[in-house]
Amino acid sequence: MSREDLDTLFEAPPIAEQERMVEAILFATSEPLKATALAARLPHGCDVMHALASLQKRYQGRGVHLLRSGDEWAFRTAADLSFLMQKETVETRKLSRAAIETLAIIAYHQPVTRAEIEEIRGVSVSRGTIDLLMELEWIRLGRRRQTPGRPVTFTTTQAFLAHFGLETARDLPDLKELRAAGLLDNRPLPGTPDEREPVENDTDDMFE
Amino acid sequence: MSREDLDTLFEAPPIAEQERMVEAILFATSEPLKATALAARLPHGCDVMHALASLQKRYQGRGVHLLRSGDEWAFRTAADLSFLMQKETVETRKLSRAAIETLAIIAYHQPVTRAEIEEIRGVSVSRGTIDLLMELEWIRLGRRRQTPGRPVTFTTTQAFLAHFGLETARDLPDLKELRAAGLLDNRPLPGTPDEREPVENDTDDMFE
Amino acid sequence: MPDDFLIRDRQERIAAEALVVDVDGYEGPLDVLLTLSRTQKVDLRRISILQLAEQYLHFVEAAKRLRIELAADYLVMAAWLAFLKSRLLLPPDPEEEGPSGEELAAHLAFQLERLEGMRKAAAKLMARDQLGREFFGRGEPEDVSLKRRVVYDASLVDLMRAYAGVKTKDDFEPLHLKRGAFYTMEQALERMKGLIGTVLEWSDLEDYLPEAWRLDPKKRRSATAATFAASLELVKEGALELRQADTFGRIEVKRRTTSDPLS
């Protein structure tokens, strides 16, 4: 019996069914498959290329795409969703004193240049501190100061406001209010543990 | 800032996009994922259950289905295409009659103590049988029974549901019939005290 | 043959053989009873427990005669069934405590029905489509890459306290002469010389104060004076022009160009 006879003897499944079959095989297989390998696993008479093409179309715009590389086929995450394939482990760290002070100065004096920050802090500001605050997206570059040297200025961002629960940077309490809140007096000496912890908790409530 | 404010501040992606994201994540894993785990990987404000439901509908009749077992979700190939999958079939150790019966008793009577399993089978349960079922991760320890001796109980797992393609333990075959026939009742030998009495409510935990 | 009376027909012989196997396979007396009950060919709910008890006792007898070692629980069951049989046959003794023979028989029937129910359910469970047998998971899962993210934690109070700390720092500093608060004319001249090339338009002298000398009033005053003195010096050299619109007005500077006639 010739091949043609066989073809008419065993009718191939309808194309929709072939597509389901290709879908299931490609889903379950542990490696990309050649069309010929697929064909070998399908019932006699199936049109693999046709099934692949229509399956590929079906997955267009979906979260998963049917990709061809060379003559091999495989399901792959849509490139624009690859960020979902990352699992983040989160580690919480306290900001360094230099960073929080720099951030505070920027918040209160924005727009402010690096030299001005250094002047207020009385120590130089390291590149890393600025970089970290930029990375956190709590500060960004403002307009250049229209003075000789046109130094860059720093301002705080929307993300900064969101993180600290502020509507605007103007809502930051001024020195007088800080003093009233007890934050200006009894400043602990550097390097000694802060004994005013309970006060901090009290204050926290006001801002949450 | 309240949760509601945040919700309006960061708008969730459109539902079609949420569906794509869930599709991509579930497609990329071979293990079932809890809806909560999915939600944790999606942008803020996504409605995971909605996305899952519409995704499940989308894959109806396809070569791959979205199956739910307990509160876990996974894509699985359609069972009617198993004939194409010889290559994927993993040769599993054939379970002994004792193991199969013990598994069924745990599934239908959970949470159930070892003594109760033995009473139903009329023979002692070997350590190896329980160990094997634990190893397969089909059963696990449940709460201790609040009766003298505080015996441990056994229940089935999400992996059990996933393996047998069950959405919940309520979907066990013939569960209704067995219950209607009173065969799942705890009926002690006449003249002996029923030690389970105080915690009868426990019995139906898995099914309600 | 002494055992002939046990084996009445072929089916029963097969059942008996199965029993022997089951004893070896250690499926227990309840299993034996369930197997025996099938020979009654009735619904388990209408089974004759008396007849079943007799069948079981015969089975144990036969096993003994065949020198098959029976485990203790088979013998315990035999003793219990013998007791049950006597309860069922004798009229109930009103003096006697405890459950009646009927109650015990009903319970045994329940146990058999329950075991059979579990066996059927187990069979149905195993006949279900199973993962890795009929349906399959993703064969080539894509790796989820692990990314470690550091979250920096700072509260508004931390921020304000840091600012308060910075602003009150001076109060806590030990007393020392702050020589740094004086900006010399030499410094100013150096700086102005470097900058005048860019000053093509009139612009405020104050804009040329060094960055770090603008905020503190003392430092600002020193820097302003030095910068002004340096500007005068540069005017004298013909490099710079200087003007002030009115008294205490802004002092403005501009580079002097050759095309620009001296005013």
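Things to note:
We call the chains A, B and C, going by the order they appear; numbering starts again at 1 in every chain.
Everything that follows uses one rule, which is that a residue touches a chain if its C-beta (ideal position, glycine included) is under 8 Å from a C-beta of that chain, and two chains touch if they have at least 3 such contacts.
For clarity, every value in this text was computed on a predicted model and none was experimentally measured.
Distance from chain B peaks, on a Cα-centroid basis, for A. Overall, the chain located most centrally, as judged by its C-alpha mean against the mean of all protein C-alpha atoms, is C. Separating the CA-averaged centres of chain B and chain C is a span of 18 Å.
If each chain is reduced to the centroid of its CA atoms, chain A and chain C end up 20 Å from each other.
Rounded to whole angstrom units, the spacing between the C-alpha centres of chain A and chain B is 34. The residues of chain B that reach two or more other chains are 27-28, 75, 77-78, 85, 88, listed in rising order. Looking at chain C, one finds that residues 136-139, 142, 144 touch two or more other chains.
The part of chain A that touches chain B in the complex is made up of residues 19-25, 27-29, 41-42, 61-64, 75, 77-78, 81, 84-85, 87, 162, 165. Contacts from chain C toward chain B in the complex involve residues 26-31, 33, 73, 98-99, 103-104, 106-107, 110-111, 113-115, 117-122, 124-126, 128-139, 141-142, 144.
Residues 27-31, 65, 67, 74-79, 82, 85, 88-90, 92, 95, 97-98, 100-101, 103-105, 107-108, 119-123, 162-166, 172-174, 178, 181-183, 187, 189-191 of chain B are the ones touching chain C in the complex. Chain C makes touch with chain A in their complex at residues 136-140, 142-169, 172, 195, 198-199, 207-208, 210-216, 219.
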